[in-house]
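Order of writing sets the chain letters: A, B, C and D. Residues in each chain are counted from 1.
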Amino acid sequence: MIGIGVIGYGYWGPNLARVVTETEGCSIAAIADQSADALGRAHKRHPTARLAGDWQDLVNDPRVDAVMVATPVSTHFDIALAALRAGKHVFVEKPITETAAQAEILLEEAAHRGLTLMVDHTFVYTGAVQTIHDMIDSGALGDLYYYDSTRINLGLFQRDVNVLWDLAVHDLAILDFILPAEPMAVSASGVGHFPGSPENMAQLTIFFAGGAIAHLNVNWLAPVKIRQTLIGGSRKMIVYDDLQTSEKIKIYDRGVNLASDPEEVRKVMVSYRMGDMTSPQVSVKEALLTEIEHFVQCIEAKTRPVTDGASGLRVVKMLEAASLSMRQRGQPIDLVKLRRAS
Amino acid sequence: MIGIGVIGYGYWGPNLARVVTETEGCSIAAIADQSADALGRAHKRHPTARLAGDWQDLVNDPRVDAVMVATPVSTHFDIALAALRAGKHVFVEKPITETAAQAEILLEEAAHRGLTLMVDHTFVYTGAVQTIHDMIDSGALGDLYYYDSTRINLGLFQRDVNVLWDLAVHDLAILDFILPAEPMAVSASGVGHFPGSPENMAQLTIFFAGGAIAHLNVNWLAPVKIRQTLIGGSRKMIVYDDLQTSEKIKIYDRGVNLASDPEEVRKVMVSYRMGDMTSPQVSVKEALLTEIEHFVQCIEAKTRPVTDGASGLRVVKMLEAASLSMRQRGQPIDLVKLRRAS
Amino acid sequence: MIGIGVIGYGYWGPNLARVVTETEGCSIAAIADQSADALGRAHKRHPTARLAGDWQDLVNDPRVDAVMVATPVSTHFDIALAALRAGKHVFVEKPITETAAQAEILLEEAAHRGLTLMVDHTFVYTGAVQTIHDMIDSGALGDLYYYDSTRINLGLFQRDVNVLWDLAVHDLAILDFILPAEPMAVSASGVGHFPGSPENMAQLTIFFAGGAIAHLNVNWLAPVKIRQTLIGGSRKMIVYDDLQTSEKIKIYDRGVNLASDPEEVRKVMVSYRMGDMTSPQVSVKEALLTEIEHFVQCIEAKTRPVTDGASGLRVVKMLEAASLSMRQRGQPIDLVKLRRAS
Amino acid sequence: MIGIGVIGYGYWGPNLARVVTETEGCSIAAIADQSADALGRAHKRHPTARLAGDWQDLVNDPRVDAVMVATPVSTHFDIALAALRAGKHVFVEKPITETAAQAEILLEEAAHRGLTLMVDHTFVYTGAVQTIHDMIDSGALGDLYYYDSTRINLGLFQRDVNVLWDLAVHDLAILDFILPAEPMAVSASGVGHFPGSPENMAQLTIFFAGGAIAHLNVNWLAPVKIRQTLIGGSRKMIVYDDLQTSEKIKIYDRGVNLASDPEEVRKVMVSYRMGDMTSPQVSVKEALLTEIEHFVQCIEAKTRPVTDGASGLRVVKMLEAASLSMRQRGQPIDLVKLRRAS
């Protein structure tokens, strides 16, 4: 039985703690939060867990085998590093750290000590994204043309990170999972509508080797919540609407075929394929449960998580490059050069 | 009674001809198309109109007072110029011409001869866009933060223009009408998925003086049709879904307020306003009817159309700048410099 | 070339006339309406058609081979009978007549003279209803459990008929086409909210031989327009939403299986099948065009239309029985007894 | 601190237990279920609660002040009666009992002993239904014309009750809360598609004094889940879609006005009002939390709950009458006579 310590019992921590109680092979050993109110709520729901106002206490608690970090991004590095050094496995909220340099240090520390380091890229563990992954992987989608995602809603404005780090991070994590192609360049533009506040609205384009393109539209200042992703392939196209309770994934047998005969090209250029739409049943198991089960299994079997520290690092590198482009109104950033330089 | 000659009886021409028959003060005098089939269809619906295989015949026909040009973009300039030189008023499909230079020649010719030159920016004449315009104009929306539009569907692939010229042109026309602020820079990225074919998917960001931003997402290769625009202001926010038959416009009393007290800022940064949503009744009169009535009135009263040649020119200039940026993966184009240079 | 005379140029007549001009093998010979305004509009759109203020003129016009009746229900019988007696083929708006007795007279007259009598059950000619028909006919749906339709909107209040005759008639026509089972009984309830005005809201249940049930919910006083039909079968289930521009038909591989083992029955009773959903491409050809082509073909080939006078009669009989039940708050009407009595 | 005993830890019991832990003034004292698995899950989430395989143990437990009954309907009466006789306050799932006679016995027992008897009509405590109630109560809706509800989905088939008792009960509870008018008659029709199984699909019409009508459409065999209610009034109309996460309630300023001038009546009959739609923010507080807080307050203040035993009784009486009508294919049941007879 793996004893879990949850650090941070604000918005996401209670979900982590609840799911730990529903997962075989682990249990809640301790919960830490600076706020006495938060600890009071934690006690009501988890009356047998040790409570702590200081996260250091958890890191040093021998009943804690693994630490889950659900605190603000700016504290991820210090907490995760201390936990690893204390010999604890670590599960960190996305994004894994504030900088790529920090993530690299965590990776090294975990590798050196043989500990599991996992980043909470929750969407990777949904039935919907698993279905998309399998369709790309099996070739059912054909050549991937594009990934186009709208992820907008009202708030929560973050103090320490811009909207890319809060919302686009989800799509970058999904892309890191489903898309084998290498990203070549990124262009981002965005704006902060409030002086002294980070960018609250942004668009981001990633150019991949082979011609695929990803486009992300994120916004903290939208009147409605939208979570819609279109994925275009040469054989099929997908519309993925995460807010639907059923029919989250719709697969369209639609597309175009370039005319091959030059004479025909002159006249029609492309012919259209307008076939049926199918919405497959996808697993409705809670993604966080799948994910924490995976964390437990990786610890026990000493295997590498799907969303390991390295995937966390790749996502942070993309966020850094996109933020750089955004400060220059879309100036493209050459990721190949960056990779060579590092 | 103004005699109208319609040139081009393919996709859009039949709509122009039909609406002319429903408009007071004008009638269909003649229809031109290269295709005998098209002329056959034209005759069945408009048995009293003169038919011509060559558009020059219409331009020289004394029964024709005004010409409507519904041919491919590449032919707009030649036809419109010839018509103006023959003393006809001209109504041209969007975009007005292939280049800004061409549009400027048309403007001069029309001004010189005292003829009406109008571009068919149809959306400007919809009840929905009129409502949005009035809300911005009256201050009901507050400061404009952003205009974010998704305009995607499957096809029709164009041979002679990229997707910006076919789809983004609608949003640029709307922006030209509703937004008084000056555009300062543009960044666009996109891709053509088929060799030898123009870009079929693009995103475009426009930075306006005063901090507003426009973001356009256009795509010819989407499995579903979406026409959704979000408009964010400091007092209200709008969701405009043109595919809804009712409730096209939804106005949300939502937003954020920056905390002014520095202590409070440290804690919450912004407070949220989550008020009611209202969907006003908007006029359901056919936009094209409103537009052609306006064309007739402008001819009769010798007044300037809302979507005159100058608005057509501004839109083409933006399309040129965006295409330039797109060829450089989002490299921002400084529109202020461009304006000074010209 | 069959010469068509359209009687009634109000709401539906202009559609009939337009589609006649788009149909091979027929043309508009004449249009009749009591209103001078309506005739003015008719002339603008059909400058070569003969105009008449009195429908008798059309019935006696030798250029008219077939008459289309798009007048109020109360006038259908007189006009159709006169037209048949004058040797004209007849196409009548739904419902075919005000009473079953009238419909029977028309049927006899048409049969006696060898003329085509067709009722305008438009939905039967849509791609969606054809798809549903074929799924039931081929057995793909399995045993039919139910047909459940909601057909509501605001207005138009009719003066001479209740809401069943205006809205439920569409579903009764569809049921007559797709469902081979015999109706056994009907129960209807409804209310007129305005004194002196017919029922504006009603529900209707039809019990079919074999256990299938139809439920129709119709309402002239709903704030929103809904056209949604669920069709449940033992193998598949359909959701048909006529207001969708795409994906009108969704086919669900869902259902239940009764446990056969008595022990199992005690525990779970049914097991569920939750398979994929598929939305087939259905023909988007205008139903009215398909229908009028069919009318022309039936005249030329002297064949019986799918929606012949007999189907019009069956629908009117059901409307009569339902109205009778509705006046008695749902008192069931035994249709088998009624059939024996007649 | 009121000690709560939850009897039945299957589908709904865990929600009751969770919300008790979130409610001030009460705590989970004990949980009973026949299933060892269920008790195991209960222990994991509520490690300090007493567990029992026999509900009698809870009824006799002095730490238990109030009992919540979340067992099959057929057991409600025995458990609730035993609990009242043991001096416990009682909160029972809907429907309160299997028969009106049973409910009357519970009411008497609770009144006699001065105990709180409450039925879990959860929807009454939602922000949406509270908003509807207030609009009717304040006169904002005008005269109520109708309540039309569709409540359908796939499963769960019940063994011991038909679909009216499982699904229509929700609407009857809402109607009991929002509608002051007296029900006069009811007509219901339905069918069981599986031999030996109760009716799985039904429609129900209730005629109220004053002319309002309620229509309920319930179905266990629908491929999709729908929870949509239209409420028509003379001044406003409401569409309430409980599956929407935002905009659950839409209020339409639409309707018709009967022409008063007889001459005008002849021509147009009604004029239409097509005003704006407004979607108010409604409370998103969990209904069950509001409800259990109310239960605790009623116990403490010895006041009558909004959904007291009497409302549970009225709902059961309606279910009995509707089931009677349904067995006779819609034969209307005169509720006034029934009331006089009892």
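We take it that contacts are C-beta pairs under 8 Å (C-beta built on N, C-alpha and C of every residue); 3 or more make two chains touch, one makes a residue touch a chain.
Quick caveat, the model's predicted, so the values are computed rather than measured.
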item: Pair of chains joined by more contacts [C-beta pairs], A-D or B-D; value: B-D
item: Farthest-lying chain, centroid of Cα atoms versus that of subunit A; value: C
item: Repeat of interface A-B, chosen from C-D, A-C or B-C - more than half of residue-number contact pairs shared; value: C-D
item: Subunit B and subunit D: spacing of chain centres that average the CA atoms, whole Å; value: 52
item: Chain centre separation (subunit C, subunit D; CA means) in Å; value: 38
item: Cα-centroid distance, subunit A relative to subunit D, in whole angstrom; value: 41
item: Multi-partner residues of subunit B (each touching 2 or more other chains); value: 224, 274, 277
item: Subunit B-touching residues of subunit A, taken from the complex the two chains share; value: 145-146, 148, 150, 152, 154-155, 157, 159, 185, 187, 189-191, 193-194, 197, 201, 203, 205, 207, 211, 213, 215, 217, 219, 221-224, 230, 232, 237-239, 250, 252, 254-256, 258, 269-270, 272, 274, 277, 325, 328-332
item: Complex interface listing, subunit D residues touching subunit B; value: 247, 274-281
item: Contacting residues of subunit D [partner subunit A, same complex]; value: 21-22, 44-45, 47-48, 224-225, 243, 245-246
